[in-house]
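Read from first to last, the chains carry the letters A, B, C and D; within each, the first residue is number 1.
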Amino acid sequence: MTKLLEVKNLHTRFKVRNGYLYAVNGVSFTLDKGEMLGVVGESGCGKSVSMMSLIRLLPPAAQITEGEVLLEGQDLAKASASEINTVRGSKVGMIFQDPMTSLNPFMKIGAQLCEGIMYHKKMSRAEAMKQAAKYLDLVGISNSEHRLHEYPHQLSGGMRQRVMIAMALLGEPELVIADEPTTALDVTIQAQIVELVKELREKLNMSIIWITHDLSLLAGMVDRIMVMYGGSVVEEAPIDEIYKNPRHPYTIGLLKSIPSINTVAGSRLPSIAGAPPNLFVEPQSCPFAPRCAYRQERCTREIPPLEPVADDSAHPKHRIACWVDVTKVNAEPKEGSVL
Amino acid sequence: MGRYILFRLLKWIPSVFILLLLIYALVFFGAGDPIKLIFLQAPGDVAYDPDRVEAIRDAAGLNRPFLVQFIDYLGNIAHGNFGNSLVSGRSVNSMISAALPVTLKIGLTAIFLLSIIGIILGVIAALNQNKLLDNLIVGFALIVWGIPVFVAGPLIIVFLVLVMDMDVPYGWSGLFSFKVIVPLLVLGLNPMALIIRQARAGVLEVLSEDYVRTARAKGIPNYQVVVKHIMRPVLTPVVSQIGLLVIATLNNSILIEKVFGLPGLGRLTETAIKTSDYPVILAIVLIFSTVVMASNLLVDISYPMLDPRAAAKKTGDE
Amino acid sequence: MTDNTLELQQEEKQFSLAKDAFDRLIANKLALVGMLLVVFLFFIAIFGPYITPYDFLSQDLMARNQAPSWAHWFGTDDLGRDIMSRVIYGARTAVIVAFSTTFLSLIIGIFMGSLGGYFGGKVDGFIVWLIDITMSVPSLLLVIVINVSMKPRLVNWMDEQFLLTGNEFYRNTILVDFVLVFGSLALIKWPKAARIIRGQIMSVRNKNYVLAAEAIGVPTTKIVMKYVIPNSIGPIIVYISAALGEAMVFESSFSFLGVGVRPPIPSWGNMISDGLRVWQLYPHILAAPAAVLALVTIAFSFLGDGLNDALNPRQWK
Amino acid sequence: MKKDLFKVLVLGLAVLGLTPLQSGQASAEGGQVLNIAHPVLQQNWSPLQGGGHSARWQSLSWAAPMYFDKDGKLTPYVLSSVESDDSYVNWTLHVNPDAVWSDGSKITAKDVVGTWNLSARPATKHARVNLFLGGVDGFNDVVVGKAKDMTGLTITDDATIAVKLASADPIFDQKIATALIAPVKISQAEDESGNEKADWWMPQNGVVVSGPFMPETMDLDQGILTLVPNPNFFGPKPKLEKIVLTTVADASTATLMLKRGTMDAHTELITPTIIQDLGADFLGGPALAKGQQFWINAKKPPMDDINVRKALIMSINPEELALAAFPDGPFTVASQILNKVPGVDPDFKKYPYDPEGAKAALAASKYKDAGRLPKIMFVGISTPTHEAAAQYIAEQWRKILGIQGIEMKPAIETYSGPDQKSVQIFRDDVGTRVPDAVSYLMGSIYSKSGNARNKLGGYENAKIDAMLEEASVKGVKDPDRIKLAQEAQRLFREDWVYIPYYYDVMSKWAMPWVQNFDKNDDWQVIEPWNVTIDEAKRP
């Protein structure tokens, strides 16, 4: 497989009233062509910001301070605004979280779908409309010709998300970044959308980065999972490995908090105690340390690097940012730790 | 739509009636006697003679009871006749028909032009939030907001004449002449400040909307994002201000038309009030409120066109 | 149910909400500047006459039209009066004018708005119609007409009352200027306040907790006290702040047209219109009052924006 | 994208800025154009109004029956001669045989009589007709609408008019020497029912005039009039090529235009800094038989007590009042009513400036102290000058007498309605058009004068009336005429009903390059045909 994307040591921060918010602190990963990567983490862990940083789709207060984003060798982190524009919407498509607000209520669906390809592919309006209708069909919207002339408020939430997906695919991108695309939808529709994406992926053979806070959603969908915490990647492994052999204490916590069929009715779901990290200071130690049940003295002094798991029982592509081997150490319940 | 407009008009007629009655009563019972004024306004030894004034009033039909005169007046209005000025004897219709276009042309152009400039400046300010350009624009809007037009007008004239060594921009020779641009700007400055603020706030609000991010994600150039996705929603609240702007502009026209020698309604108002010439005052009140009503109606009608969601609500689509 | 609990929480939070709003206001630098200026204005308006360097009326015909100096910071006017003292006294005029207009319009607005909101139906339709008429009236024109027509009668009546009763009150016809002129302004400005109140009552009326409260026989006054007033206070404060600034500009417009506060009582408006006549030669006579008026207008606009941000629940994200 | 927006903005402004610079200023080839700024939007330019600002330019287009020249000599104009019998009751007027309208037709006796009758009828609203024709037999019936024509006016033949006065008036010939009753072509001005036709005076309606200039265009809505020489004018040939009169209501704008030479003259411009702005020459001029006073309405409390009036008057220092109002001139401080006319009283006792006396007088009044005085209201405070004066007066009263409740209103108009009686003090001028002390006082302190009725609130002193009536029938050369007038004025002084203010000059209100612009007592240019412009001095 060929490498599509390589991210090296990405740092993004936000200017806030009295300083900075360090949202992404040294994220590195790669993505192959046709691969589907799941990015998991709780809200505010920097998963969205780091993925948005890839195509620099950030609010004005944000700024990429360090790192490289190599998309087929082109460094997007240093690309000019117009260069970025040629990437957005053509090489990289985006699907956003809330289809209710992500579509412009003042514009007809057709116009919104077309404007990207009209610009990138220098299509005429008519051609673009034709193309758009084709893609609407593709994402399973019936009566697509007619829909093109409707406003977003005339569509249901699921339909709107399908429109969003069509919009992302229209530019025939090599990479689609889906930022929690199902979070705002009903469960049934959620499932439909997931199925749709799977289907489309096979049909179109593109790479997908699927951002979610819901680890369970990714099962059976993605190839690889990357777990983020406090602005950095804490664990990364092929999907089965993560479910079977989680190594980072945070991942373990996340997995435990997923309800399963075995969960006793009425019992409280386990949750990770403590508060998300304070990102107003640049982290100097493991960001999870304050909440970690396996915390060691070293954890509060240094940032653990993301490295392949040392022992042989793990998958060769399994990497974690932790010094502790959880398989060997017993958790000492610490104040504010798991369970 | 037609029915809606008709309904609005029907609602408007009684309000105009009340307004006219109120003003008529105010002027009739309260304000000075225009006939007496003819004699008293001329300085010095005028031939003021109460008997003679009564004779003149009788001749002009001004000594009839209030209601008789008012009903007579309404009858005339119903026939589209505003009567004659009590001071000059000229037909009010001809006075109004000469003055109204001037004020309308200048006022509407001012509103239109400065709304556009205001929106553009507001958008520029918002896109450069908290940067130098933003501060300059916002500062400009604030200063303009703080200076009343009747101060700004003379200041600008003196600046043009004494500093730029230009002729006094005075009088009227059609909308497209240099001397009309200056009062146009003065007239529009205040409303423009309002629009700048409104547009800036609107853009800031829209900028944080998800759909703007969606648009950016499409990789279209920034100006397309601004024009198609940001400006459009900002227009709606700005357009809803237009009724207010019309009132402000009409008020301002009373204050500055005199300064620039514009032969519009504002100058006519000033003259009519000074001479208690109530046929003229009443006609102006009627015209002013018609203009305001019409602009309000226009705003209401254009609202659904600007915001498809409003259209949906109106037709019960949702 | 959820509504109810939410509301209860909200009520508990009432105090802290006000404090939050205040904190937000203070945090906004421009609003803070605006507020300080406004507070300063009120201070000047109350204590101004005691701290002016000169009597605002006393003339010195030997020192006319003097440029600013250490003796006269803002210079002197065409009768040799100290402009600074007049500007300071003018603050009192401005505040009285602004307050009489604003609060009169507020009273009318609250009355009309609650009438419409409370009774609904035809009464409400009438009130809305009244609001529509009022909003379409060319404000400056109507106020001028009221002013030139009613004032002489009222002044005359007060004169007669003074002769009959000897009551000092009737001699002070400056009151007529304030009450009638700016009262008539209130006749035009009330719809905004009425809309706020009406909107609040309308929305509160349809809330489940109010229906429930009504159903169990909570008296209307209590409902009003508990739900309507707290919800309306924010927008009303914003309204007041905007209206105060607006009224001051209106006052100057009236003075410019010769119907506002008359000399020798100084108002910024009549000082500006005096200054406009001579400013090519003596710009300082215009500069001081015009600058102060602009400053105060801007201050109110800062404060209004700040209050809006701080109190407008829509933006409590 | 910012750049793009800016481009649009700049382009838009540039388009606006490049639109042709049109100049509204009319300029005729070769000849001289006089540009006049007019302060009010005048909608009525009928010569039959007898007042208003438009009347200031009446002599441009309308030839007066007779006129006073620069030296005050009565000069024939439309009328070639006027004579009376010894009783001063019967007068004979002869129409100048050369006098013609601008269309070349003759001015006839019928025009003169018709004009005068029309002017006297109430619907015409002539503001001053009774000052000139009030003595004609039958005038009083016409003026209140009881009759159409004055019985005292008869047309003897095409060129002769016989006038019968109700009572003797030795100066009738001087009274009619004014353009305010200049004859108009009666067939144009009067409709069948004897009313003035609407807009007959507009060039669009083919008006014919008798004066040196005839209206070419009249745009009443814009407020712009243009006048060109009357080719058939029966007097000397006018020297100006054109006169353009533009409404410039704003005084500062007008000042700037005059400074730049966009305008050459103004109808009446008063600003506090006018001397500094436009030079002393602009406002200067010969003394005028006209005085500005603050007239006190003695019927309105607290003025009903003479001691209050004394106190108020004695608190005013006339020199300081002048300093407050017009520090740079050109007016002179007033004391008595009469000025400039023969018969000014050399022994008139000025009202003293006496603060202590004033305090004592107030204490002696029935009000005792300032706290019990009703509010005092000034009106006619219509110009910055008058406002300054009124504020000075108010301040003196506050300082010396402790009076607080003082109000001043810009114009008489607001109070001319039902509430005139609420006013205690009117600022206004009185004067005379004829150099005669009696007519001066008849127009100011005689109980039937407009001034006594209005400004003095119905002032009536039987003794003064009797004296003036007696004086008015005496011949102009009779020394008793003046003596009685002076006597009446002294009596008037003892009533303490006015605060002396200033004597007017006939301001030129024209820039230095406008020449031969002398004006008469009606504020009209005496010899419009002689007006020229010194182009070299114009900026």
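To be clear about the criterion, contacts are C-beta pairs under 8 Å (C-beta built on N, C-alpha and C of every residue); 3 or more make two chains touch, one makes a residue touch a chain.
Keep in mind that what you see is a predicted model, and the values were worked out from it rather than measured.
Think of the whole protein's Cα atoms as having one middle point; the chain whose own Cα middle lies nearest to it is B. When the interfaces B-D and A-B are ranked by C-beta pairs in contact, the top one is B-D. Centroid distances from chain D, each centroid being the mean of CA atoms, peak for A. Distance from the chain B centre to the chain D centre is 37 Å, each centre being the mean of its Cα atoms. Per-chain CA centroids place chain A at a distance of 54 Å from chain B. Averaged C-alpha coordinates give centres for chain C and chain D that are 44 Å from one another. With each centre defined as the average position of its C-alpha atoms, the distance from chain A to chain D rounds to 89 Å.
Residue positions 148, 152-153, 276, 279-280 of chain C each touch two or more of the other chains. Along chain B, residues 30-32, 154, 158, 162, 221-222, 270, 276 each make contact with two or more other chains. Applying the touch definition to all chain combinations yields A-B, B-C, B-D, C-D. The residues of chain D lying in touch with chain B in their complex are 1-2, 4-5, 8-9, 12, 16-17, 19-24, 40-44, 49-52, 55, 122-123, 125-131, 134, 143-145, 198-199, 220-224, 246-250, 252-253, 256-257, 260, 262, 290, 411-417, 428-432, 443-444, 449-451, 453-454.
On the chain C side of its complex with chain D, the touching residues are 57-59, 61, 64, 78-79, 148, 151-153, 155-156, 159, 162-163, 166, 168, 171-174, 258, 262-264, 274, 276-282. Of all residues in chain B, those touching chain C in their complex are 11, 15, 18-19, 23, 26-27, 29-32, 142-143, 145-148, 150-151, 154, 158, 162, 197, 243, 247, 250-251, 254-255, 269-270, 273, 276, 281, 284-285, 288-289, 292-293, 296.
If you check the complex, the residues on chain C that touch chain B are 129, 132-133, 135-142, 144-146, 148-150, 152-153, 249, 252-253, 256-257, 272-273, 276, 279-280, 286, 290, 293-295, 297-298, 301, 305. Listing the residues of chain D that touch chain C in their complex gives 251-252, 255-256, 271-273, 276-277, 301, 320, 323-324, 327, 371-375, 377, 384, 387-388, 391-392, 394-395, 398-399, 405-411, 414-415, 417-419, 421-422.
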